[in-house]
């Protein structure tokens, strides 16, 4: 073990800081551009400086430098600290781009990857449907081939940020006669196509991060098919893998815990600050144990991935999501206990986001609901338990009921 | 609601007290008899006084008075308080006797019930086998009909108190060609028969309440068959029902909680009595909430059964075992936390019984293990969850794997 | 001995249950909820006509002269239906006046409370989560009240407000009294608005008997019963959802893990029914048990219901996380039950004291 | 940056693992356990020949000069095998002498400790569960120790006893010293006997440096690593059992509820591996993090292992409740890890202080 980053990364950190100072916010005439254009400019320069889209080939607008997850963590930390807009559409950069790099045609790569990297194209993901949550193989939205087009009719749900997205990637049933996962294709859909109707889906915390997307005979050119027809299931797998890792990220656990300590200092129990109560202190210390596990386990995963020792930490990666969901729920439950009567505060619209903001009572209440949502999103916790049972402990798969096809789980 | 017992029961209570004072301990020459004979004498008199074996017909040695669960609770409380030996072999009085009353032949009833009620015959139960825990339908021990005898070969496990038992009732496979639960018969086996070998099964807490019983060509007269051949499964069902109710009994929860309070007063945390620590106090109060539920729920069940309103409380009866197991585990976990370094005390032989005795550290440590055992005994907690899901919430049964017969669960 | 309900009580349950099913089905609750939780006078009128408003008011003042258990059975049904009504505060106010008022005070207020024309409520907690009367800072000087009460249920809808002071003292304030001000309190449970009441020299009349403790205990039991109704209903909603929802070609209720989660939810909440029945019965008949039983019921059952509500959201999958799914309404109602009149931990501190730990 | 093991450390793991598999398989553990937990000198000799005894002793005194992480990796393997050996106390004694002894003290004791010929142990806790050195009542007067230490691991097997006093002071006592008395302590973990040591004017020599805190922290990390080894192994044993055990015509591992319980057990314990690795690394390289990381690892991981041990008993059904099933040996070893050197709650009280809560 050696937890020092070393001179190489210290220099990188300094370089990123300097880059951020010089390049954000924009100056002069550029500062007058619309916000989105400013962000695109910044990201373009960051890619040129080798700080973003690092592993994407230059041919597709990336920086094409050797993969280095630790360098990427350092860059992320410093750009976050500088408030620089380094994150483009995460569905685009973290899900669509890797998929296209693996499965896309040359034309698709050249056409979509460069503008996605800088954020000229925002993407949304069209997987879930009302009848198919964890069970993607039972998707119903149909894309009927018709000359040089597919014609889509159906509905997607749980589509994050569909309102601001320019494009959707998603799975649609192109082969009606093949049951289950066999007949799906991976299509890229222009969200401005006629026949698309986007409606916000209000969450229990009042937020509206998700949408329903309705398709009424929406035409999609045949060249927007990624991979082979009917093999969309296979194409999507890389993407799902990435989604799981995103959700399992431990970066906010420490911040939440600090916020919880601050809350315990502010509120009073029995006339004294709650933080002085031995029972509260013990519960906080117990939480810190959970958080320390999560933080160090993700350090270890990062380190192993950086050294190409992914296989050694595969079980840990498979457990990360369920573990972080559990820890997040423990934290928000404790927050509700500390809040006392403020635990009834209804979150205002700016308190409902996933991001960590000022820990107001309304935001804690919202987070307590979001914490339940994370047990549901991206494969429910029950699916996670199946995966852990089968892939970590080597337990047999559930016996299938008669008539069901294999491959139903991811 | 009316929680006063009323004059009738107050009088009964007084009568039981007086009976106990007059009849236990025995006096004069009777006090010189061996302990077991003294107990038999006492129970015989208690039955004559209408205090025990109340619902059993006089023809079979019972008191034959109308059923009254509240009266029985009053009697139990007072005889317990007097330290009187009113409990004969529980497997006999609570399991075998109801079964014989329902399914036994006239000769069996006359032969076995009277001595069982007074404790002249101690019984043990032969259901579980090494390969069949919750799944009684897969029992393997065979009883081959041979003239006027069955000849048993096989093994039983988890047989409580088999050492001191005179007789066993159990399920044995008599029809080799019928699969699963179809070919079982309910037999009464003399434990002194040649070919029986009883070996204690040591528990993790060091106790030896259970045994393994090995059968090597043990001959059982054909008149010891209860009910029809091959229908032992049906015969046994009344017995299993009774076993569940026994385990779900809430009577000791309050005593355990008082012991826990005493422990918290005795031990010190951070230099002061643990009972003064706000965190400990809150945990104790939370436990008291669980216990209050258990106590009042069992009051309600008792009251409903006494009024022939069993159906109204059926869901509660089905949940009682899992709930009491959960509460017992919570209590013993708290005890281990309070004990601190004494939580390592190895239980001595007299601390390992199920009974509530002086709450020494060793006994708490033993109880913490027994609490896990109760989640296993008499149908594991998982089986309980199936029953609750299906019979309380109306959920479908598990889909059966191909080739398995129905009726596998009780 | 009889640990159970009388035929009359079973009939009462049936009556309220079918009223709720008919007059306050989920779409009505939804409409009130989405509109932000305004008081629905018609619904209250209907409940009052059933006798809910005057249930514990003595018959001589137009009430039914029943007991807290009867009120709690109503609370259970209202919880199970997430019914938007000013029931909690009104019921507590009726307990206050029935037990604490002088003859003339009773004559003045009880008939209108019993008929439901006059809606009552009670201000108990003070800002900062103070629930211990000895720590209350409300003051009564020269016939007027000074101070503030937080989390007062349905204060705007109420025509009569009972204010709790130290030593169990109770004071009656009427709507429109000078110096009386209410402020809306942000409250996720839109079926039952909460307000802060500010008292700046408000003319008030003290009740003859200082029965503050009993008013609080009645409230605790009613919250426990409401939470039980929420939790019990949520388990059944989740079971129905699991039977209907198909995944991987079969209803998810057939997945053993789902079945066991639902069974665990049932075991979480169902066995607590006897606890609030007991606490309600003790309120009227077992003075030595009253205070602790009420605190145990509130602390335990509202915690259980909140837990079941979390599990119910998860059991409903993505749908459970939406505003449109009724689970969220119950989730928030259970949160109200858990927090109003003091959190489980606050009551556990009291239980430890009351239990002589 | 490298959060992981070196090739040497992986080899060390492999070496100890195959030694345990070969020399201390379950039947050997079982024999020691059933015999009541006597010290097995042959096994200790074998471990010493691997270099386990002298691992953190500087090379100049015959040790390997390695770090606490290396020791903790050994502790994990010994936990996973439930190996009966005087490892914990010996390792702590080596830390004490390596870090705290004067040159002459080192020369006198370290070579024999490093070879394993001399077995060391440490007396830390005092009767009544006292783990805070400021509350220790052991006294050092005119070259002699007075007082008592409880829960001293393998005291009878040890030839050298380090006694912890207030202010981090440490004292060395040799076997057979006058006034030294040991009493067996009842201990469910028969793989590692515990004794009470009574000091009635026992001649002792003080170590040069008061490194008591570091000795304790080393012990905490080693207990956490041992508990992790127990818990991790129990999850795998339970999974194997579920694959082999048939009920209702199929392996119980196919029942989703069983599968999910096993997955929950894995998520309970597995992610904590990085925590004790970090705590062990911090011990040698991050003085500011050392104390808190050790306390976090001990409190968290020993609690998790105890939880997993309960679940493992249940996962093994009736068999799990028997003495003959090895689960009970791990269950009791995990209990030892949880209690010795202070309970999780005691360390959480410290964590809150150390974390500046």
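In this document, chain identifiers A, B, C and D correspond to the written order of the chains, with residue numbering beginning at 1 in each.
Going forward, a residue touches a chain if its C-beta (ideal position, glycine included) is under 8 Å from a C-beta of that chain, and two chains touch if they have at least 3 such contacts.
Being a predicted model, the structure only gives us computed values, none of them experimental.
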| item | value |
| --- | --- |
| Chain whose average C-alpha position is farthest from subunit A's own | B |
| Comparison of A-C and B-C (more C-beta pairs in contact) | B-C |
| Subunit B and subunit D, separation of their C-alpha mean positions in angstrom | 41 |
| Rounded Å distance between subunit A and subunit B, as computed from the means of their C-alpha atoms | 54 |
| Residues of subunit C touching at least two other chains | 250, 254-257, 259-260, 345, 349 |
| Multi-partner residues of subunit A (each touching 2 or more other chains) | 270, 278, 282, 382, 385, 398-399, 401 |
| Contacting residues of subunit D [partner subunit A, same complex] | 1-5, 69, 235-236, 239, 242-243, 250-251, 253-254, 256, 259-260, 262-264, 266-267, 270-275, 277-278, 281, 285-286, 293, 296, 299-301, 303, 344-345, 347-349, 351-352, 355, 357 |
| Touch list for subunit B against partner subunit D, complex | 128, 131-135, 137-138, 157-158, 201-204, 206, 267-271, 329, 336-337, 340-341, 343-346, 362, 365, 369, 372-373, 375-377, 380-382, 385, 398, 401, 403-404, 408 |
| Footprint of subunit B on subunit D - complex, ascending | 125, 128-129, 135, 150-151, 185-190, 194, 246-250, 254-255, 257-258, 310, 313-314, 317-318, 320-325, 327-328, 331, 335-336, 338-340, 343, 345-346, 349 |
| Subunit C contact footprint on subunit D (complex, rising order) | 255-257, 259-260 |
| Subunit D contact footprint on subunit A (complex, rising order) | 1-6, 9, 70, 261, 264, 275, 278, 281-282, 284-286, 288-290, 292-294, 296-297, 299-300, 302-304, 306-307, 309, 312, 315-316, 319-320, 322-323, 326, 382, 384-386, 388-390, 392-396, 398-399 |
